[in-house]
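Below: the structure, in C-alpha coordinates.
Letters A, B, C and D name the chains as they come in the text, with residue numbers starting at 1 for each one.
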Amino acid sequence: MSEAVRFSVSLSEELMGGFDKLLDQKGYENRSEGIRDLIRDFLVQEEIDKNREVVGVITLVYDHHVRELTNTLISKQHDTTAEVISAMHVHLDHHNCLEVVVARGKGKVLHAFADGLIGVRGVKHGKLVLTSTGAELPK
Amino acid sequence: MSEAVRFSVSLSEELMGGFDKLLDQKGYENRSEGIRDLIRDFLVQEEIDKNREVVGVITLVYDHHVRELTNTLISKQHDTTAEVISAMHVHLDHHNCLEVVVARGKGKVLHAFADGLIGVRGVKHGKLVLTSTGAELPK
Amino acid sequence: MSEAVRFSVSLSEELMGGFDKLLDQKGYENRSEGIRDLIRDFLVQEEIDKNREVVGVITLVYDHHVRELTNTLISKQHDTTAEVISAMHVHLDHHNCLEVVVARGKGKVLHAFADGLIGVRGVKHGKLVLTSTGAELPK
Amino acid sequence: MSEAVRFSVSLSEELMGGFDKLLDQKGYENRSEGIRDLIRDFLVQEEIDKNREVVGVITLVYDHHVRELTNTLISKQHDTTAEVISAMHVHLDHHNCLEVVVARGKGKVLHAFADGLIGVRGVKHGKLVLTSTGAELPK
(Lines give C-alpha, C1' and ligand atoms only; values in the text may rest on other atoms or scores of the structure.)
Protein backbone atom coordinates (compact mmCIF):
# COMPACT_ATOMS: atom_id res chain seq x y z
CA MET A 1 0.00 0.00 0.00
CA SER A 2 1.02 3.58 -0.55
CA GLU A 3 2.59 5.73 2.08
CA ALA A 4 0.80 8.70 3.56
CA VAL A 5 2.41 12.07 2.96
CA ARG A 6 1.47 15.54 4.19
CA PHE A 7 1.46 18.98 2.71
CA SER A 8 0.36 22.23 4.21
CA VAL A 9 -2.20 24.66 2.83
CA SER A 10 -2.13 28.39 3.42
CA LEU A 11 -5.47 30.18 3.37
CA SER A 12 -7.37 33.01 5.05
CA GLU A 13 -8.92 32.44 8.46
CA GLU A 14 -12.38 33.12 7.00
CA LEU A 15 -12.00 30.56 4.23
CA MET A 16 -10.91 27.92 6.73
CA GLY A 17 -13.85 28.85 8.98
CA GLY A 18 -16.35 28.52 6.14
CA PHE A 19 -14.85 25.18 5.09
CA ASP A 20 -14.94 23.77 8.63
CA LYS A 21 -18.56 24.77 9.05
CA LEU A 22 -19.59 23.08 5.83
CA LEU A 23 -17.58 19.91 6.57
CA ASP A 24 -19.33 19.70 9.90
CA GLN A 25 -22.77 20.06 8.28
CA LYS A 26 -21.96 17.31 5.83
CA GLY A 27 -20.75 14.96 8.53
CA TYR A 28 -17.03 14.86 7.73
CA GLU A 29 -14.82 13.79 10.60
CA ASN A 30 -11.76 15.79 9.65
CA ARG A 31 -10.40 18.33 7.20
CA SER A 32 -8.04 15.92 5.41
CA GLU A 33 -10.91 13.64 4.43
CA GLY A 34 -12.78 16.65 3.03
CA ILE A 35 -9.75 17.79 1.03
CA ARG A 36 -9.14 14.29 -0.31
CA ASP A 37 -12.74 14.10 -1.54
CA LEU A 38 -12.44 17.46 -3.30
CA ILE A 39 -9.19 16.37 -4.96
CA ARG A 40 -10.61 13.02 -6.08
CA ASP A 41 -13.69 14.67 -7.51
CA PHE A 42 -11.41 17.01 -9.48
CA LEU A 43 -9.43 13.99 -10.78
CA VAL A 44 -12.53 12.01 -11.77
CA GLN A 45 -13.83 14.94 -13.81
CA GLU A 46 -10.51 14.86 -15.66
CA GLU A 47 -10.68 11.08 -16.30
CA ILE A 48 -14.10 11.63 -17.86
CA ASP A 49 -13.00 14.61 -19.96
CA LYS A 50 -10.00 12.68 -21.30
CA ASN A 51 -12.23 9.79 -22.47
CA ARG A 52 -10.47 7.20 -20.28
CA GLU A 53 -12.21 3.97 -19.29
CA VAL A 54 -14.76 4.84 -16.66
CA VAL A 55 -17.82 3.30 -15.03
CA GLY A 56 -21.29 4.39 -16.10
CA VAL A 57 -24.40 4.00 -13.98
CA ILE A 58 -27.55 4.31 -16.09
CA THR A 59 -30.84 4.90 -14.29
CA LEU A 60 -34.04 4.18 -16.22
CA VAL A 61 -37.64 4.70 -15.10
CA TYR A 62 -40.14 2.78 -17.23
CA ASP A 63 -43.56 1.26 -17.38
CA HIS A 64 -43.10 -2.50 -17.66
CA HIS A 65 -46.58 -2.91 -19.16
CA VAL A 66 -45.36 -1.48 -22.44
CA ARG A 67 -45.15 -4.42 -24.84
CA GLU A 68 -41.69 -5.73 -25.71
CA LEU A 69 -39.98 -3.11 -23.57
CA THR A 70 -38.18 -5.50 -21.24
CA ASN A 71 -36.93 -7.61 -24.14
CA THR A 72 -35.72 -4.56 -26.02
CA LEU A 73 -33.78 -3.32 -22.99
CA ILE A 74 -32.13 -6.71 -22.55
CA SER A 75 -31.17 -7.01 -26.24
CA LYS A 76 -29.59 -3.59 -26.15
CA GLN A 77 -27.54 -4.58 -23.11
CA HIS A 78 -26.26 -7.60 -25.03
CA ASP A 79 -25.50 -5.65 -28.19
CA THR A 80 -23.42 -2.78 -26.83
CA THR A 81 -19.62 -2.71 -26.97
CA ALA A 82 -19.64 -1.35 -23.42
CA GLU A 83 -19.02 -4.08 -20.87
CA VAL A 84 -22.27 -4.44 -18.92
CA ILE A 85 -21.39 -5.59 -15.41
CA SER A 86 -24.62 -5.76 -13.54
CA ALA A 87 -28.19 -4.56 -13.44
CA MET A 88 -30.63 -4.02 -10.60
CA HIS A 89 -34.38 -3.89 -10.91
CA VAL A 90 -36.61 -2.04 -8.43
CA HIS A 91 -40.44 -2.06 -8.39
CA LEU A 92 -41.54 1.50 -7.73
CA ASP A 93 -45.28 0.85 -7.97
CA HIS A 94 -47.73 -1.24 -9.97
CA HIS A 95 -46.64 0.36 -13.26
CA ASN A 96 -43.25 1.92 -12.70
CA CYS A 97 -39.90 0.17 -12.55
CA LEU A 98 -36.47 1.56 -11.93
CA GLU A 99 -33.58 -0.20 -13.59
CA VAL A 100 -29.98 0.60 -12.76
CA VAL A 101 -27.44 -0.71 -15.27
CA VAL A 102 -23.72 -0.61 -14.46
CA ALA A 103 -21.23 -0.78 -17.35
CA ARG A 104 -17.56 -0.04 -18.03
CA GLY A 105 -16.16 1.62 -21.12
CA LYS A 106 -14.96 4.88 -22.60
CA GLY A 107 -17.19 7.84 -21.87
CA LYS A 108 -18.35 8.13 -25.49
CA VAL A 109 -19.34 4.47 -25.72
CA LEU A 110 -21.26 4.75 -22.46
CA HIS A 111 -23.05 7.87 -23.68
CA ALA A 112 -24.15 6.09 -26.87
CA PHE A 113 -25.25 3.03 -24.89
CA ALA A 114 -27.27 5.17 -22.47
CA ASP A 115 -28.83 7.15 -25.35
CA GLY A 116 -29.93 3.87 -26.93
CA LEU A 117 -31.65 2.71 -23.73
CA ILE A 118 -33.25 6.07 -22.93
CA GLY A 119 -34.64 6.32 -26.47
CA VAL A 120 -36.65 3.09 -26.19
CA ARG A 121 -40.43 3.60 -26.27
CA GLY A 122 -41.85 3.23 -22.76
CA VAL A 123 -38.73 4.50 -20.99
CA LYS A 124 -40.04 7.60 -19.25
CA HIS A 125 -36.83 9.01 -17.93
CA GLY A 126 -33.19 8.12 -17.93
CA LYS A 127 -29.90 9.48 -16.73
CA LEU A 128 -26.27 8.48 -17.04
CA VAL A 129 -23.70 9.21 -14.37
CA LEU A 130 -19.99 8.57 -14.90
CA THR A 131 -17.54 7.73 -12.17
CA SER A 132 -14.09 6.26 -11.83
CA THR A 133 -13.21 2.57 -12.06
CA GLY A 134 -11.28 3.29 -8.87
CA ALA A 135 -8.11 1.82 -10.35
CA GLU A 136 -6.72 5.22 -11.33
CA LEU A 137 -8.08 6.97 -8.27
CA PRO A 138 -5.73 6.90 -5.29
CA LYS A 139 -6.93 6.65 -1.73
CA MET B 1 -55.11 3.96 -19.18
CA SER B 2 -54.92 7.46 -20.60
CA GLU B 3 -55.97 8.40 -24.07
CA ALA B 4 -53.48 9.52 -26.68
CA VAL B 5 -53.95 13.06 -27.98
CA ARG B 6 -52.08 14.98 -30.68
CA PHE B 7 -50.91 18.51 -31.08
CA SER B 8 -49.00 20.07 -33.91
CA VAL B 9 -45.72 21.95 -33.71
CA SER B 10 -44.71 24.73 -36.07
CA LEU B 11 -40.98 25.18 -36.63
CA SER B 12 -38.45 26.06 -39.31
CA GLU B 13 -37.44 23.44 -41.86
CA GLU B 14 -33.82 23.65 -40.65
CA LEU B 15 -34.74 23.06 -37.01
CA MET B 16 -36.78 20.02 -37.96
CA GLY B 17 -33.90 18.75 -40.11
CA GLY B 18 -31.38 19.13 -37.28
CA PHE B 19 -33.74 17.40 -34.84
CA ASP B 20 -34.38 14.47 -37.20
CA LYS B 21 -30.65 13.96 -37.73
CA LEU B 22 -29.94 13.88 -34.02
CA LEU B 23 -32.88 11.55 -33.28
CA ASP B 24 -31.55 9.19 -35.91
CA GLN B 25 -28.04 9.24 -34.38
CA LYS B 26 -29.46 8.49 -30.95
CA GLY B 27 -31.55 5.59 -32.24
CA TYR B 28 -35.04 7.03 -31.82
CA GLU B 29 -37.71 5.41 -33.95
CA ASN B 30 -39.90 8.44 -34.39
CA ARG B 31 -40.21 12.13 -33.64
CA SER B 32 -43.04 11.78 -31.11
CA GLU B 33 -40.92 9.53 -28.89
CA GLY B 34 -38.12 12.12 -29.00
CA ILE B 35 -40.48 14.96 -28.11
CA ARG B 36 -42.05 12.96 -25.26
CA ASP B 37 -38.58 12.33 -23.80
CA LEU B 38 -37.68 16.02 -23.97
CA ILE B 39 -40.97 16.95 -22.27
CA ARG B 40 -40.56 14.35 -19.52
CA ASP B 41 -37.00 15.47 -18.84
CA PHE B 42 -38.29 19.04 -18.49
CA LEU B 43 -41.00 17.83 -16.04
CA VAL B 44 -38.57 15.77 -13.94
CA GLN B 45 -36.27 18.78 -13.52
CA GLU B 46 -39.29 20.65 -12.15
CA GLU B 47 -40.23 17.82 -9.72
CA ILE B 48 -36.68 18.02 -8.36
CA ASP B 49 -36.64 21.84 -8.11
CA LYS B 50 -39.97 21.83 -6.25
CA ASN B 51 -38.65 19.39 -3.62
CA ARG B 52 -41.27 16.72 -4.38
CA GLU B 53 -40.68 13.08 -3.47
CA VAL B 54 -38.21 11.69 -5.97
CA VAL B 55 -35.90 8.70 -6.34
CA GLY B 56 -32.19 9.07 -5.67
CA VAL B 57 -29.53 6.76 -7.04
CA ILE B 58 -26.28 7.11 -5.12
CA THR B 59 -23.13 5.69 -6.70
CA LEU B 60 -20.15 5.10 -4.40
CA VAL B 61 -16.67 3.87 -5.33
CA TYR B 62 -14.71 2.63 -2.34
CA ASP B 63 -11.92 0.41 -1.16
CA HIS B 64 -13.48 -2.36 0.91
CA HIS B 65 -10.16 -3.00 2.70
CA VAL B 66 -10.61 0.16 4.75
CA ARG B 67 -11.50 -0.98 8.25
CA GLU B 68 -15.12 -0.55 9.37
CA LEU B 69 -16.11 1.03 6.06
CA THR B 70 -18.76 -1.52 5.10
CA ASN B 71 -20.33 -1.40 8.55
CA THR B 72 -20.40 2.38 8.55
CA LEU B 73 -22.10 2.46 5.16
CA ILE B 74 -24.74 -0.01 6.34
CA SER B 75 -25.43 1.87 9.58
CA LYS B 76 -25.90 5.09 7.68
CA GLN B 77 -28.41 3.37 5.38
CA HIS B 78 -30.38 2.29 8.45
CA ASP B 79 -30.24 5.69 10.13
CA THR B 80 -31.47 7.96 7.34
CA THR B 81 -35.04 9.24 7.11
CA ALA B 82 -34.89 8.57 3.36
CA GLU B 83 -36.53 5.27 2.46
CA VAL B 84 -33.72 3.01 1.23
CA ILE B 85 -35.20 0.60 -1.30
CA SER B 86 -32.31 -1.45 -2.55
CA ALA B 87 -28.56 -1.60 -2.95
CA MET B 88 -26.32 -3.33 -5.46
CA HIS B 89 -22.71 -4.20 -4.96
CA VAL B 90 -20.23 -4.60 -7.83
CA HIS B 91 -16.62 -5.81 -7.54
CA LEU B 92 -14.56 -3.58 -9.79
CA ASP B 93 -11.18 -5.14 -8.95
CA HIS B 94 -9.34 -6.59 -5.96
CA HIS B 95 -9.59 -3.32 -4.03
CA ASN B 96 -12.37 -1.29 -5.55
CA CYS B 97 -16.10 -1.76 -5.09
CA LEU B 98 -18.99 0.11 -6.61
CA GLU B 99 -22.12 0.37 -4.54
CA VAL B 100 -25.38 1.70 -5.94
CA VAL B 101 -27.98 2.67 -3.35
CA VAL B 102 -31.54 3.47 -4.40
CA ALA B 103 -33.72 5.51 -2.04
CA ARG B 104 -36.93 7.57 -2.12
CA GLY B 105 -37.50 10.89 -0.40
CA LYS B 106 -37.51 14.63 -0.83
CA GLY B 107 -34.56 15.99 -2.75
CA LYS B 108 -33.08 17.67 0.33
CA VAL B 109 -33.22 14.52 2.45
CA LEU B 110 -31.58 12.53 -0.36
CA HIS B 111 -28.82 15.15 -0.70
CA ALA B 112 -28.07 14.96 3.02
CA PHE B 113 -28.11 11.14 2.93
CA ALA B 114 -25.74 11.07 -0.06
CA ASP B 115 -23.42 13.63 1.58
CA GLY B 116 -23.25 11.42 4.66
CA LEU B 117 -22.24 8.36 2.61
CA ILE B 118 -19.76 10.22 0.39
CA GLY B 119 -18.08 11.76 3.45
CA VAL B 120 -17.16 8.37 4.97
CA ARG B 121 -13.41 7.68 5.09
CA GLY B 122 -12.47 5.20 2.35
CA VAL B 123 -15.19 6.30 -0.05
CA LYS B 124 -13.16 7.56 -2.99
CA HIS B 125 -15.88 9.01 -5.10
CA GLY B 126 -19.62 9.41 -4.94
CA LYS B 127 -22.43 10.92 -6.95
CA LEU B 128 -26.15 11.37 -6.49
CA VAL B 129 -28.58 11.40 -9.37
CA LEU B 130 -32.25 12.27 -8.90
CA THR B 131 -35.06 10.97 -11.05
CA SER B 132 -38.81 10.66 -10.90
CA THR B 133 -40.76 8.04 -8.94
CA GLY B 134 -42.64 7.62 -12.21
CA ALA B 135 -45.98 8.13 -10.48
CA GLU B 136 -46.19 11.80 -11.45
CA LEU B 137 -44.60 11.29 -14.84
CA PRO B 138 -47.12 10.49 -17.59
CA LYS B 139 -46.33 8.14 -20.43
CA MET C 1 -35.44 32.95 -44.66
CA SER C 2 -36.53 29.41 -44.01
CA GLU C 3 -40.03 28.18 -44.38
CA ALA C 4 -42.11 27.08 -41.44
CA VAL C 5 -43.19 23.47 -41.46
CA ARG C 6 -45.41 21.52 -39.06
CA PHE C 7 -45.38 18.07 -37.62
CA SER C 8 -47.72 16.48 -35.17
CA VAL C 9 -46.84 14.86 -31.86
CA SER C 10 -48.78 12.03 -30.29
CA LEU C 11 -48.70 11.81 -26.51
CA SER C 12 -50.87 10.94 -23.52
CA GLU C 13 -53.38 13.47 -22.25
CA GLU C 14 -51.59 13.59 -18.89
CA LEU C 15 -48.20 14.33 -20.43
CA MET C 16 -49.69 17.16 -22.47
CA GLY C 17 -51.41 18.49 -19.34
CA GLY C 18 -48.18 18.47 -17.34
CA PHE C 19 -46.31 20.18 -20.16
CA ASP C 20 -48.94 22.90 -20.58
CA LYS C 21 -48.90 23.64 -16.86
CA LEU C 22 -45.14 23.99 -16.78
CA LEU C 23 -45.04 26.16 -19.94
CA ASP C 24 -47.58 28.43 -18.33
CA GLN C 25 -45.51 28.74 -15.14
CA LYS C 26 -42.43 29.61 -17.16
CA GLY C 27 -44.24 32.24 -19.16
CA TYR C 28 -44.30 30.59 -22.58
CA GLU C 29 -46.96 31.89 -24.93
CA ASN C 30 -47.52 28.68 -26.84
CA ARG C 31 -46.57 25.03 -27.06
CA SER C 32 -44.57 25.33 -30.29
CA GLU C 33 -42.20 27.84 -28.72
CA GLY C 34 -41.66 25.47 -25.79
CA ILE C 35 -40.97 22.52 -28.09
CA ARG C 36 -38.57 24.56 -30.22
CA ASP C 37 -36.61 25.55 -27.09
CA LEU C 38 -36.36 21.92 -25.97
CA ILE C 39 -35.16 20.87 -29.42
CA ARG C 40 -32.57 23.65 -29.66
CA ASP C 41 -31.24 22.85 -26.20
CA PHE C 42 -30.86 19.22 -27.31
CA LEU C 43 -28.97 20.37 -30.45
CA VAL C 44 -26.65 22.74 -28.56
CA GLN C 45 -25.64 19.94 -26.18
CA GLU C 46 -24.67 17.94 -29.26
CA GLU C 47 -22.63 20.82 -30.78
CA ILE C 48 -20.69 20.98 -27.51
CA ASP C 49 -20.18 17.21 -27.28
CA LYS C 50 -18.89 17.07 -30.85
CA ASN C 51 -16.27 19.76 -30.15
CA ARG C 52 -17.64 22.18 -32.79
CA GLU C 53 -16.91 25.89 -32.59
CA VAL C 54 -19.06 27.29 -29.83
CA VAL C 55 -19.26 30.42 -27.69
CA GLY C 56 -17.96 30.38 -24.13
CA VAL C 57 -19.03 32.81 -21.44
CA ILE C 58 -16.59 32.82 -18.55
CA THR C 59 -17.72 34.36 -15.27
CA LEU C 60 -15.01 35.32 -12.76
CA VAL C 61 -15.43 36.75 -9.25
CA TYR C 62 -12.26 38.32 -7.91
CA ASP C 63 -10.80 40.81 -5.51
CA HIS C 64 -9.22 43.57 -7.57
CA HIS C 65 -6.97 44.58 -4.65
CA VAL C 66 -4.79 41.53 -5.25
CA ARG C 67 -1.55 42.82 -6.79
CA GLU C 68 -1.05 42.19 -10.52
CA LEU C 69 -4.36 40.33 -10.82
CA THR C 70 -5.93 42.62 -13.41
CA ASN C 71 -2.80 42.61 -15.54
CA THR C 72 -2.52 38.84 -15.38
CA LEU C 73 -6.13 38.41 -16.47
CA ILE C 74 -5.61 40.75 -19.42
CA SER C 75 -2.39 39.02 -20.53
CA LYS C 76 -4.10 35.67 -20.46
CA GLN C 77 -6.89 37.03 -22.64
CA HIS C 78 -4.29 38.16 -25.18
CA ASP C 79 -2.36 34.90 -25.11
CA THR C 80 -5.14 32.37 -25.70
CA THR C 81 -5.86 30.82 -29.09
CA ALA C 82 -9.56 31.24 -28.36
CA GLU C 83 -10.97 34.35 -30.02
CA VAL C 84 -11.87 36.73 -27.18
CA ILE C 85 -14.79 38.86 -28.36
CA SER C 86 -15.68 41.04 -25.46
CA ALA C 87 -15.46 41.45 -21.72
CA MET C 88 -17.68 43.17 -19.19
CA HIS C 89 -16.66 44.35 -15.77
CA VAL C 90 -19.11 44.75 -12.87
CA HIS C 91 -18.31 46.25 -9.44
CA LEU C 92 -20.01 44.02 -6.89
CA ASP C 93 -18.74 45.87 -3.82
CA HIS C 94 -15.60 47.65 -2.58
CA HIS C 95 -13.50 44.51 -2.96
CA ASN C 96 -15.32 42.19 -5.33
CA CYS C 97 -15.51 42.40 -9.09
CA LEU C 98 -17.35 40.24 -11.55
CA GLU C 99 -15.82 39.87 -14.98
CA VAL C 100 -17.64 38.22 -17.85
CA VAL C 101 -15.44 37.23 -20.79
CA VAL C 102 -17.01 36.09 -24.06
CA ALA C 103 -14.90 34.03 -26.48
CA ARG C 104 -15.35 31.74 -29.49
CA GLY C 105 -13.53 28.51 -30.12
CA LYS C 106 -13.68 24.75 -29.84
CA GLY C 107 -14.97 23.49 -26.51
CA LYS C 108 -11.57 22.12 -25.48
CA VAL C 109 -9.76 25.40 -26.18
CA LEU C 110 -12.39 27.31 -24.23
CA HIS C 111 -12.07 24.90 -21.29
CA ALA C 112 -8.30 25.37 -21.20
CA PHE C 113 -8.67 29.16 -21.46
CA ALA C 114 -11.22 29.23 -18.63
CA ASP C 115 -9.05 26.95 -16.47
CA GLY C 116 -6.14 29.36 -16.95
CA LEU C 117 -8.21 32.35 -15.80
CA ILE C 118 -9.86 30.56 -12.88
CA GLY C 119 -6.45 29.35 -11.64
CA VAL C 120 -5.06 32.87 -11.22
CA ARG C 121 -4.37 33.84 -7.60
CA GLY C 122 -7.08 36.21 -6.37
CA VAL C 123 -9.82 34.77 -8.56
CA LYS C 124 -12.27 33.49 -5.97
CA HIS C 125 -14.69 31.69 -8.20
CA GLY C 126 -15.15 31.02 -11.88
CA LYS C 127 -17.46 29.19 -14.20
CA LEU C 128 -17.60 28.50 -17.90
CA VAL C 129 -20.83 28.12 -19.80
CA LEU C 130 -20.90 27.00 -23.44
CA THR C 131 -23.57 27.95 -25.91
CA SER C 132 -24.08 27.98 -29.66
CA THR C 133 -22.68 30.57 -32.06
CA GLY C 134 -26.23 30.63 -33.36
CA ALA C 135 -25.05 29.99 -36.92
CA GLU C 136 -25.76 26.26 -36.71
CA LEU C 137 -28.87 26.68 -34.62
CA PRO C 138 -32.03 27.15 -36.66
CA LYS C 139 -34.88 29.36 -35.56
CA MET D 1 -7.67 42.18 5.95
CA SER D 2 -7.79 38.67 7.27
CA GLU D 3 -4.80 36.78 8.52
CA ALA D 4 -3.40 33.79 6.69
CA VAL D 5 -3.48 30.51 8.58
CA ARG D 6 -2.18 27.07 7.64
CA PHE D 7 -3.38 23.54 8.12
CA SER D 8 -1.84 20.32 6.98
CA VAL D 9 -3.45 17.64 4.84
CA SER D 10 -2.60 13.96 5.04
CA LEU D 11 -3.08 11.93 1.89
CA SER D 12 -1.53 9.08 -0.10
CA GLU D 13 1.52 9.75 -2.24
CA GLU D 14 -0.43 8.72 -5.36
CA LEU D 15 -3.29 11.11 -4.67
CA MET D 16 -0.84 13.98 -4.19
CA GLY D 17 0.93 12.99 -7.39
CA GLY D 18 -2.30 12.96 -9.39
CA PHE D 19 -3.32 16.31 -7.95
CA ASP D 20 0.04 17.94 -8.73
CA LYS D 21 -0.08 16.71 -12.32
CA LEU D 22 -3.55 18.11 -12.86
CA LEU D 23 -2.71 21.45 -11.21
CA ASP D 24 0.25 21.75 -13.52
CA GLN D 25 -1.90 21.03 -16.61
CA LYS D 26 -4.39 23.67 -15.55
CA GLY D 27 -1.68 26.28 -14.96
CA TYR D 28 -1.85 26.60 -11.19
CA GLU D 29 1.28 28.01 -9.58
CA ASN D 30 0.98 26.17 -6.28
CA ARG D 31 -1.01 23.60 -4.38
CA SER D 32 -2.54 26.06 -1.89
CA GLU D 33 -4.15 28.06 -4.69
CA GLY D 34 -5.63 24.83 -6.08
CA ILE D 35 -7.00 23.80 -2.70
CA ARG D 36 -8.47 27.24 -2.06
CA ASP D 37 -10.30 27.09 -5.41
CA LEU D 38 -11.73 23.66 -4.61
CA ILE D 39 -12.90 24.88 -1.20
CA ARG D 40 -14.48 28.04 -2.59
CA ASP D 41 -16.28 26.09 -5.29
CA PHE D 42 -17.67 23.80 -2.56
CA LEU D 43 -18.84 26.87 -0.57
CA VAL D 44 -20.47 28.55 -3.58
CA GLN D 45 -22.47 25.40 -4.32
CA GLU D 46 -23.75 25.61 -0.75
CA GLU D 47 -24.67 29.33 -1.04
CA ILE D 48 -26.74 28.43 -4.11
CA ASP D 49 -28.41 25.40 -2.47
CA LYS D 50 -29.37 27.47 0.58
CA ASN D 51 -31.10 30.10 -1.58
CA ARG D 52 -28.83 32.95 -0.40
CA GLU D 53 -28.39 36.09 -2.48
CA VAL D 54 -26.16 35.20 -5.39
CA VAL D 55 -25.20 36.61 -8.78
CA GLY D 56 -26.74 35.19 -11.93
CA VAL D 57 -25.22 35.50 -15.38
CA ILE D 58 -27.79 34.82 -18.09
CA THR D 59 -26.52 34.09 -21.59
CA LEU D 60 -28.99 34.46 -24.46
CA VAL D 61 -28.45 33.74 -28.15
CA TYR D 62 -31.10 35.31 -30.36
CA ASP D 63 -31.93 36.60 -33.80
CA HIS D 64 -32.41 40.35 -33.52
CA HIS D 65 -34.48 40.40 -36.72
CA VAL D 66 -37.42 38.88 -34.88
CA ARG D 67 -39.97 41.67 -34.45
CA GLU D 68 -40.34 43.19 -30.98
CA LEU D 69 -37.74 40.83 -29.50
CA THR D 70 -35.32 43.49 -28.26
CA ASN D 71 -38.15 45.50 -26.66
CA THR D 72 -39.56 42.44 -24.97
CA LEU D 73 -36.17 41.53 -23.51
CA ILE D 74 -35.71 45.05 -22.17
CA SER D 75 -39.19 45.18 -20.60
CA LYS D 76 -38.60 41.90 -18.87
CA GLN D 77 -35.34 43.24 -17.43
CA HIS D 78 -37.25 46.20 -16.01
CA ASP D 79 -40.08 44.12 -14.61
CA THR D 80 -38.17 41.49 -12.62
CA THR D 81 -37.67 41.71 -8.86
CA ALA D 82 -34.09 40.56 -9.41
CA GLU D 83 -31.66 43.49 -9.41
CA VAL D 84 -30.33 43.73 -12.96
CA ILE D 85 -26.80 45.16 -12.76
CA SER D 86 -25.53 45.21 -16.28
CA ALA D 87 -25.94 43.75 -19.74
CA MET D 88 -23.51 43.21 -22.59
CA HIS D 89 -24.40 42.78 -26.22
CA VAL D 90 -22.21 40.92 -28.71
CA HIS D 91 -22.79 40.67 -32.48
CA LEU D 92 -22.08 37.07 -33.45
CA ASP D 93 -22.98 37.45 -37.13
CA HIS D 94 -25.52 39.23 -39.32
CA HIS D 95 -28.44 37.49 -37.60
CA ASN D 96 -27.24 36.24 -34.27
CA CYS D 97 -26.65 38.23 -31.11
CA LEU D 98 -25.37 37.14 -27.75
CA GLU D 99 -26.65 39.00 -24.75
CA VAL D 100 -25.18 38.53 -21.28
CA VAL D 101 -27.33 39.87 -18.44
CA VAL D 102 -25.90 40.09 -14.92
CA ALA D 103 -28.33 40.27 -11.99
CA ARG D 104 -28.36 39.75 -8.21
CA GLY D 105 -31.02 38.02 -6.20
CA LYS D 106 -32.05 34.78 -4.57
CA GLY D 107 -31.49 31.70 -6.71
CA LYS D 108 -35.22 31.11 -7.20
CA VAL D 109 -35.88 34.67 -8.37
CA LEU D 110 -32.96 34.45 -10.80
CA HIS D 111 -34.24 31.13 -12.16
CA ALA D 112 -37.69 32.62 -12.79
CA PHE D 113 -36.16 35.72 -14.41
CA ALA D 114 -33.96 33.58 -16.68
CA ASP D 115 -36.90 31.33 -17.59
CA GLY D 116 -38.87 34.41 -18.60
CA LEU D 117 -36.09 35.64 -20.92
CA ILE D 118 -35.33 32.23 -22.41
CA GLY D 119 -39.03 31.66 -23.14
CA VAL D 120 -39.31 34.75 -25.39
CA ARG D 121 -39.97 33.95 -29.05
CA GLY D 122 -36.78 34.42 -31.08
CA VAL D 123 -34.43 33.50 -28.23
CA LYS D 124 -32.72 30.42 -29.64
CA HIS D 125 -30.78 29.34 -26.61
CA GLY D 126 -30.25 30.50 -23.08
CA LYS D 127 -28.43 29.46 -19.97
CA LEU D 128 -28.19 30.70 -16.41
CA VAL D 129 -25.09 30.34 -14.30
CA LEU D 130 -25.05 31.21 -10.61
CA THR D 131 -22.00 32.40 -8.73
CA SER D 132 -21.21 34.14 -5.47
CA THR D 133 -21.56 37.86 -4.79
CA GLY D 134 -18.05 37.49 -3.40
CA ALA D 135 -19.07 39.09 -0.10
CA GLU D 136 -19.57 35.75 1.63
CA LEU D 137 -16.65 34.10 -0.13
CA PRO D 138 -13.33 34.53 1.69
CA LYS D 139 -10.06 34.91 -0.14
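Please note the rule applied: contacts are C-beta pairs under 8 Å (C-beta built on N, C-alpha and C of every residue); 3 or more make two chains touch, one makes a residue touch a chain.
A quick note: this is a predicted structure, and the numbers were derived from the prediction, not measured.
Peer 1: Mind listing the chains that sit against chain A and also against chain B?
Peer 2: none
Peer 1: Can you check how far apart chain B and chain D are, centre to centre, with Cα atoms defining each centre and the answer in Å?
Peer 2: 25
Peer 1: For chain C, give me the residues that contact two or more of the other chains.
Peer 2: Those would be 40, 137, 139.
Peer 1: For this assembly, give the contact graph shape among line, ring, star, complete and other.
Peer 2: Contact pattern: a closed ring, each chain touching exactly two others.
Peer 1: Which positions of chain A touch chain D when the two form their complex?
Peer 2: Residue list for chain A touching chain D: 2-19, 22, 31-32, 35-36, 38-40, 42-43, 46, 136-139.
Peer 1: Could you list, by residue number, the parts of chain D that touch chain C in their complex?
Peer 2: Touch residues, chain D against chain C: 26-29, 33-34, 37, 40-41, 44, 55, 57, 59, 61-63, 66, 85-86, 88, 90, 92-93, 95-98, 100, 102, 115-116, 118-119, 121-127, 129, 131-135, 137, 139.
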